[in-house]
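All chains are identified by letter, namely A, B, C and D, in their written order; residue positions are counted from 1 within each chain.
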């Protein structure tokens, strides 16, 4: 027997509240989205962190943003080896099937995945170095990024720099996907690198010319 | 030079609107979440589809839901092989670091990933069978699920059944993770299997006793 | 020879500024909208008044709002008499070809067209009563609305009430179009009646139950 | 009971965002515009199409452009027959009450109204020929324009030529309004004929001497 359980009453109640209000107010639009399919303008790659709500920040409508969320908003490099690659599958679907016009990689402050990576690279987290640590092996992707910032002594500063390295690593890896590069080169796809301070609400964007992040 | 571009003005404007209203209204809470860290009650595994907004359906507060989104809300089986597993990393982090009390797998109607899987299994989508098809290799996980529903002749019915198989596959694979099974057995973690009809707003939950989905 | 003239340099300069910035930042999206066609969610019927910018108020993206603007945001009744009806053509195109999910009628304060109607109905504007007054004949549509508010003595109050009557007249006339009524009855189309105070930025919405406008 | 419904929450949220930022930043100017009335320099006649944002293209301020939008940016000829003429009312108000200095007719590529006219004139759209087709009867205005371009065999080229004919038809019809002609002759009013390619952002203006459009 599968060990599933009914939803707690408080969530059931919220769902019914949503259905009677938000859903009812948008029913005509949802029906049309269901019938005609989605046509999102933007793919967002952001973190699973419960404190980052990209739909809220950008006032997104249903149907507007195709959203992949993983630990530390990381994109792995292109590896067509026949194995499972969930992030790569999401990118492939967004770019080649949905043909989104923008990909937004959204990093954020106080990122637990980045903090774990930092501790691991400092040699302070042996458990993360075990072969069976999924978080450790996932965050290995950010080791080169850590090397770029390791000389920063202050923990908070180094981690913020590493959070931004995570975003840039994803941008760089995105460009290793042939279909991403082709769409960018053809002017059909634009990439945005962003970092959100969850404490003070600031949003910073990467400037290609200066290669730095600055406040939007 | 990295090929990033500034955000379009309309999104910048919406962000500033959010910061002046939603963010300002919640600043004290966000500051505390930043200082004390997140403590989400629920992990949600849902699809990237732009028409599924789990935070909206459940009226989620910032800090409440830890959300992983991938194509077709699939969880792969436990494979501690030292390779990168983004979904497994998210589950490990949620269960062992954040110690969430619930995992909600949320499938939905009109799922493009499930439709792709159906076509592939029917032999109608050779491109998805290529080794370098990330979507195809990702959806291979659902081949056993397809076999369970393949006798349903009506396309729409079979796909809805397959969408629910995707949810159950994820539940079954979740239970192959030792730390998930241990937490479930200890009563520290509860699993929910859900399916949302994006057209009429219906939410169905899996009932362990009958092994069927029914309307909530 | 047609009496057209080149654009003044200041507008040419602004256009080139837009092309180098806003257009460039959105070029991928505009190309896609051009190739795939528009799929707006909302039709907006608002006034020509230079002080009402509906795209700004609602942070609308290119491709999101189909906008008809005329004097006093008026919809005439359904009259399939084979003559030219510009507003009716816009509504027909939006509802039957584009199949928008919402129609928003947006009235506003200090409306010159409504003020003209008020003066005409008070007998203070004989020029507007002439057969060849296009504004007068257009505003005749609002005469029944004026009768409903004529007992309000204060000019400013009566005009505000008349501005809201203009919105409700449009809603009532919209429902005389068979394809509008059918779409509303089928749940495929939703109507919104709104009034914007251009001085203090307030937005009021019509409440079907109380039949009154209240602040949003 | 009137069938109006509340605005969806996402639009309400965007409105509040606008009010707290754009509106707040311009409140003094809006208050003055409210108190003193509008004094727009330009009347714009453009299409309802959701992909054409004239305020964005020309960086228009609140109070600067008086904007009429209809299907295919068409101006009918002067017909003071005592019937309702929405476009004529807007022109009359702009020229005789507001005394704008410029009228800009802005056509655009991929125009659905022009495409409908083209199909109708080719005999491929019988539904548009029915007496009760508002779009058909509205586009009848462009039949003479279609005759001028009918020998162009390539569909895309013929439609672009027809889009420009729509602009010129409007210019020619504008000149049949006595108050427009008088203002033009007196040097108080200037007419501009423009066409915007929504895909590549190009803007073309009509040159009176060569009677052709060329890139601005």
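The rule is simple: a residue touches a chain if its C-beta (ideal position, glycine included) is under 8 Å from a C-beta of that chain, and two chains touch if they have at least 3 such contacts.
No experiment lies behind these values; they were computed from the predicted model shown.
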item	value
Between the pairs B-C and A-B, the one where more C-beta pairs touch	A-B
Relative orientation of copies subunit A and subunit D, as a Cα rotation angle in degrees, nearest 5	120
Distance between the centres, which are taken as Cα means, of subunit C and subunit B, whole angstrom	41
Gap in Å, rounded to a whole number, between the CA centres of subunit D and subunit B	46
Centre-to-centre distance between subunit B and subunit A (centres being mean Cα positions), rounded to whole Å	14
Subunit C: positions in contact with at least two other chains	22, 25-27, 29, 31, 59, 61-62, 102, 190
Chain-level touch network, classified as line, ring, star, complete or other	complete
Residue ranges of subunit C touching subunit D (in the complex, touch as defined)	1-8, 11-12, 14-15, 17-19, 22-23, 27, 30-31, 33-35, 37-38, 40, 43, 48-51, 53, 55-59, 62-71, 74, 76, 80-94, 97-98, 102, 104, 109-110, 112-113, 116, 131-135, 137-141, 168, 171-172, 175, 184, 190-194, 198-201, 203, 205-209, 211, 216
Complex contact set, residues of subunit B against subunit D	13-14, 16-18, 20-22, 24
Complex contact set, residues of subunit A against subunit D	21-22, 25-26, 29, 59-62
Residues of subunit D touching subunit A in the complex	5-10, 13-14, 17
Subunit C - residues contacting subunit A, complex	25-29, 31-32, 36, 39, 41, 59, 61, 99, 101-102, 187-190
